[in-house]
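In the two assemblies presented below, chain A is common to both, partnered first by chain B and then by chain C.
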Partner chain A sequence: MPLYRISQWALIAPALVLVIALFMMPIAWFVGASLAELGSIDAIWSEAKSVLGSRAILGAIWTTNVIALVVTISALIIGYPLSYALSRAKGLAFSLILICIVVPYFTSVVVRTYAWMVILGRNGIVNQVLLSTGLINEPLNLMYNRLGVVIGMTYVLLPYMVLTLFGAMKAVDSRLLQAAEGMGARPLTIFAKVFLPLTLHGVMAGSLIVFILAIGFFITPALMGGTGDIMMATLIEREIEVSQNWPVAALMTIALLAITLTLYALYGRFADRSGERFV
Partner chain B sequence: MMAGNSLRSWILQALVVLLCGGMLAPIAVVVVASFSGGGYLKFPPESLSLQWYFRFLGDARWLASLWNSFVIALMACVFSTAVGFLAAYAIARGAFAFRNAVVALLLMPLIVPHIVTAVAMYFLSARFGLVGFKPWIALAHSVVALPVVLIILQSTLKTIDPNLERAAMISGCSRAGVLRHVVLPLAMPGLISALLFSFLTSFDELLISLFLAGIRAETLPVRIWNSLLLEVEPTIAAVSSLLIAMTIVALVIEWTIRKMRSNELSTSH
Partner chain C sequence: MLTAPFVLRGTAQSSEQVIVRTTGGRYDDVMRRQVYDPFTELTGITVIPVAATIAKMLTMARARNVELDLIDAAIGPLVTLQREGVLAPIDYGSWKWSKPDDVMVDYRQDKHVGHYVYASVLAYNTNSFPDGQHPQNWSDFWNSEKFAGPRMLADMATGHPNLEFALLADGVPMDQLYPLDIKRAFEAMSRLRPHIRKFWDTGALSSQMMLDQEVLLGSIWNGRVQPLIDQGVPLGFVWNQHMQQLQSLGVFEGAPNAKNAQMLIDFMLQPEVQARYSADLQYGPTNQKAFGILTAEQAAQLPGSPASRAVGFLPNIDWWEDNRELVNREWSNWILQ
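Moving on to the complex of A and B:
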């Protein structure tokens, strides 16, 4: 019935208007108008070539991808056993593990980053403990370098990995594992031949979501990184706040959006299979 | 899987306890440190005091930022939940053209790096003199809170039987009436969660506020950010603990509602 259709669109219209007017259009306008400043298509093209040829910017793109990759792998290594335990736990144990993941997940990113600054700082807890036990004579540099960025970002993004993996692991039929065990397979074999293959799409979805969020990350690298850890998001912010170079910021935005949206499309293919798609 | 191998399961359990501890430890550290009595943050604190809380509550600038965040988050959560409820209902019930494309578009603000969203909104706001205008910042926050609302309400609306709506319509209820008298009451637990978590999303949002707040509407995260860039002052530990407490309160409310609802369902059947 046509009346029904119209009311569907009427219901969804406010949300669509909000997202188009305050999200899609501003992004398109910002990119378009900033590039238009350059004048002609040729000028944009040569600016794009010089931006991509610049050491600082190429360096930032490289750094961003390296950090995002290391963070993704770390989150996977820590998240996989955690998620496995969550998917097999019941009752109180399940609630306790879930609390340990959900409380940080919903806590402000600034607060979580600050927590790691308190722990890893020059006068931080780790250094205080190591100094007082006499294991070291002067404070270690655990922050304002890549190590600090990777620790902070892994902590912030870990819940996304665990919750995505959880969806895939919960869907595994435990009778399959019992059958393998009944036929004499050893635990490691069961894991490698049955459990891992069945959760691999979750691994892909979780890794992609963490990587996507990591390449666009701003807060943690800006607070915990050193001068050598400038990531793409930080660079965009600086081009605007410091240099007021809108065309370069627009070109960087295009690059960042291109990577993000391509990987998001890929993520959709894996996440839809696990059914528990929450982004 | 590990039934016959107690050592292996013991190792796994120890690992899980360790990892769970690691997840909570940073948050616990901040809360404990916020009560420290010394002149700077020491862990564990040598003496306990509430001095950093008093310093926070006695500082007009901190309090102003708390108030700004509260006002903005309140507007943003009401607006995004209202708009999101209508959209989530249409998405849950409708098989309309471009449904998947519409959903993907509405969830996009969650995926697109916040720096891009913030810069683009700043570009727009600066031209219309909207920087520092609180209702405008709330509207901007609604864009990133909307996906949170949609995800929560989608799963709630899925549990409501469409036959109840059909029954109401056959009995002569209008579509708007069905929405108000059938769907809205049944979706209430989900609506409360949506309000809570969109409030938190806006209250904790940093990047959009950083660009849009100006001096007039400095929010709490922006104030923390500005102070973190200069030095790690212990007042931030107290502010952070308040934010952590807020998160935990929201989660407890959400858990209580869900518990009440599942009890209701199990007794009514």
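Moving on to the complex of A and C:
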């Protein structure tokens, strides 16, 4: 093995050991020990069929994916112009935008959610302003429903979208845009024919990251959702805490992990292609 | 002269400790002041409260790596642990401060003992429902025409959703609730569901929703709504048809400080100690002698008192332990309809 290969492995080894010891092994232990409770492969198979075919889990998978998709699209719509502004900003403006995007990310999820309650509640700021201006007569239900979940999750996941897009936009050679302009293209054409295609891999990568993170969400839907906004993580948590049925929790975990890994494989494809482009 | 031996013991055993699983938050502050510090002063044993979910405690027990001694939890999780065979017997014989017979017999078990009673009550906003026009029972709560407004009930995540209240609303008498008719309960819940804004999963969320008027009616723990009323928030509640819930103590088999844990149980259940922390927490004592120490006014506000027992019920914990998994599955199917 050439020296640079060995040094590559040496550099990656600490992280690899950490991930295997702290992440992979506990999951393997949990899934292994839980499924072992069922006894035989046949028992696991029939339990898997009944669990994963149940109305509850299919409903939760559907709800989870719908919410994750809406959150991803929302984050993209808000994040794309924001990233563009960030990629063009300099000095103080750059620092300010970056701080605004990143600081909420470091705030505890409970504090953030209570802040949203103050803003979105029935007697919250938004409703008070709308009521006092006469735009509405009855307070709007902005949280404890699907809308609340989407607002809360989009807010939490926005930094991932913005920072991924920022990387892609920063890498766009501004001379290409100038060249297009010089050849008489209108701004909209420059965006559609040059800038967007050059940042599309960032859009895909950012969207996949947000989607993958969104399908595992637990606290925000629990705190900001309504009665029917049940995501997969909620069901898994209840199987562990309420039912103490670890085999079922393990099967649900495998299902969620399978969805995540499938998406991650897709993400890997886009990340690789973006890599080729610049090497 | 009398204090001297304790001082000596205190210094000699300064490394002695007992690790207690508690519910955390304000509860720990009250217990620190009224129970743990006085206990440490008397015995030299330091009390360390920690947080742990039932799943974490089960994992500890299964991995044979018990990191805590005393479990202070709702009776449900303690029965779960008992059935798992990981609890040691309560050493009633060794008690020197409390008398076992003073603790009501319903609250006293081989491997766990109740130390306070809390209640799920029907609370309402007094601006919307002033005196004389407020809901009196769970049938009223289910009557969304007469008592209009968003509502909340307990979530499955609490381990004990309000199926009893649904059945009471549907006309089942309070003394014939068990075994619960799960199907009938969910049918009653379905009728009210359009008016339910949220199922609360923590005490903090339930009081926040009442405080912010996100809901006008709700089931809530009495110890969560009484402080709001005392602060002047326009809320009220009725004791009628309330559910008494027991908070109990148990000791892990093979706990590192098992003896200290048994001592702390003995200390906690004394009438004087119970009276002090019950009054602060607004939860009822299990040692019946403690009611004699509290003022009549205080006792009237605490669940588990003779007056409260006459209008409320104690849930059948064995039924819940046998059926919680089934109810959880039914709940998931129902909630995702």
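Just so it is clear, the second predicted complex is superposed on the first by the 241 of 279 C-alpha atoms of A that agree within 3 Å, B and C clash if a C-alpha of one lies under 4 Å from a C-alpha of the other, contacts with A are read in each partner's own complex, and residues count from 1 in each chain.
By definition in this document, a contact is a pair of C-beta atoms (placed from the backbone, for glycine too) under 8 Å apart; a residue touches a chain by one contact, two chains touch by 3 or more.
The structure presented is a predicted model; accordingly, all values stated were derived computationally and were not measured.
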Room on chain A for both chain B and chain C (clash or fit): clash
Contacts of A:40 with chain B and chain C, given as first, second, both or neither: neither
First, second, both or neither for A:117, with chain B first and chain C second: both
First, second, both or neither for A:228, with chain B first and chain C second: second
Partner chain in contact with A:237 - chain B first, chain C second, else both or neither: both
Which of chain B and chain C A:15 touches, first, second, both or neither: first
Partner chain(s) touched by A:23 [first = chain B, second = chain C, both, neither]: first
Chain B versus chain C, judged by how many residues of chain A each one touches: B
Which superposed partner A:133 touches (first chain B, second chain C, both, neither): neither
Intersection of chain A interface sets (partners chain B, chain C): 114, 117, 121, 123, 223, 237, 240
Residue ranges of chain A touching chain B (in the complex, touch as defined): 5, 7-9, 11-12, 14-16, 18-20, 22-27, 29-31, 33-34, 78, 81-82, 84-85, 96-97, 100-104, 106-112, 114-119, 121, 123, 125, 128, 155, 158, 177, 181, 187, 190-191, 195, 212, 215-219, 223, 233, 236-237, 240, 249, 253, 256-257, 260-261, 264, 268, 278-279
Interface residues, chain B side, partner chain A - complex: 1-5, 8, 12-13, 15-16, 19-21, 23-24, 26-27, 29-30, 33, 40-43, 82-84, 86-87, 89-91, 93-94, 96, 102, 104-117, 119-124, 139-140, 142-143, 146-147, 150-151, 175, 197, 200, 203-204, 206-207, 221, 224-225, 228-229, 232, 236-237, 240, 243-244, 247-248, 250-251
Touch list for chain A against partner chain C, complex: 54-57, 59-60, 63, 114, 117, 121-123, 141, 144, 222-223, 226-228, 230, 234-235, 237-245
Residues of chain C that touch chain A when the two form their complex: 53-55, 58, 80, 156-157, 159, 193, 196-199, 201, 205, 208, 212-214, 324-325, 328-329, 332-333, 335-337
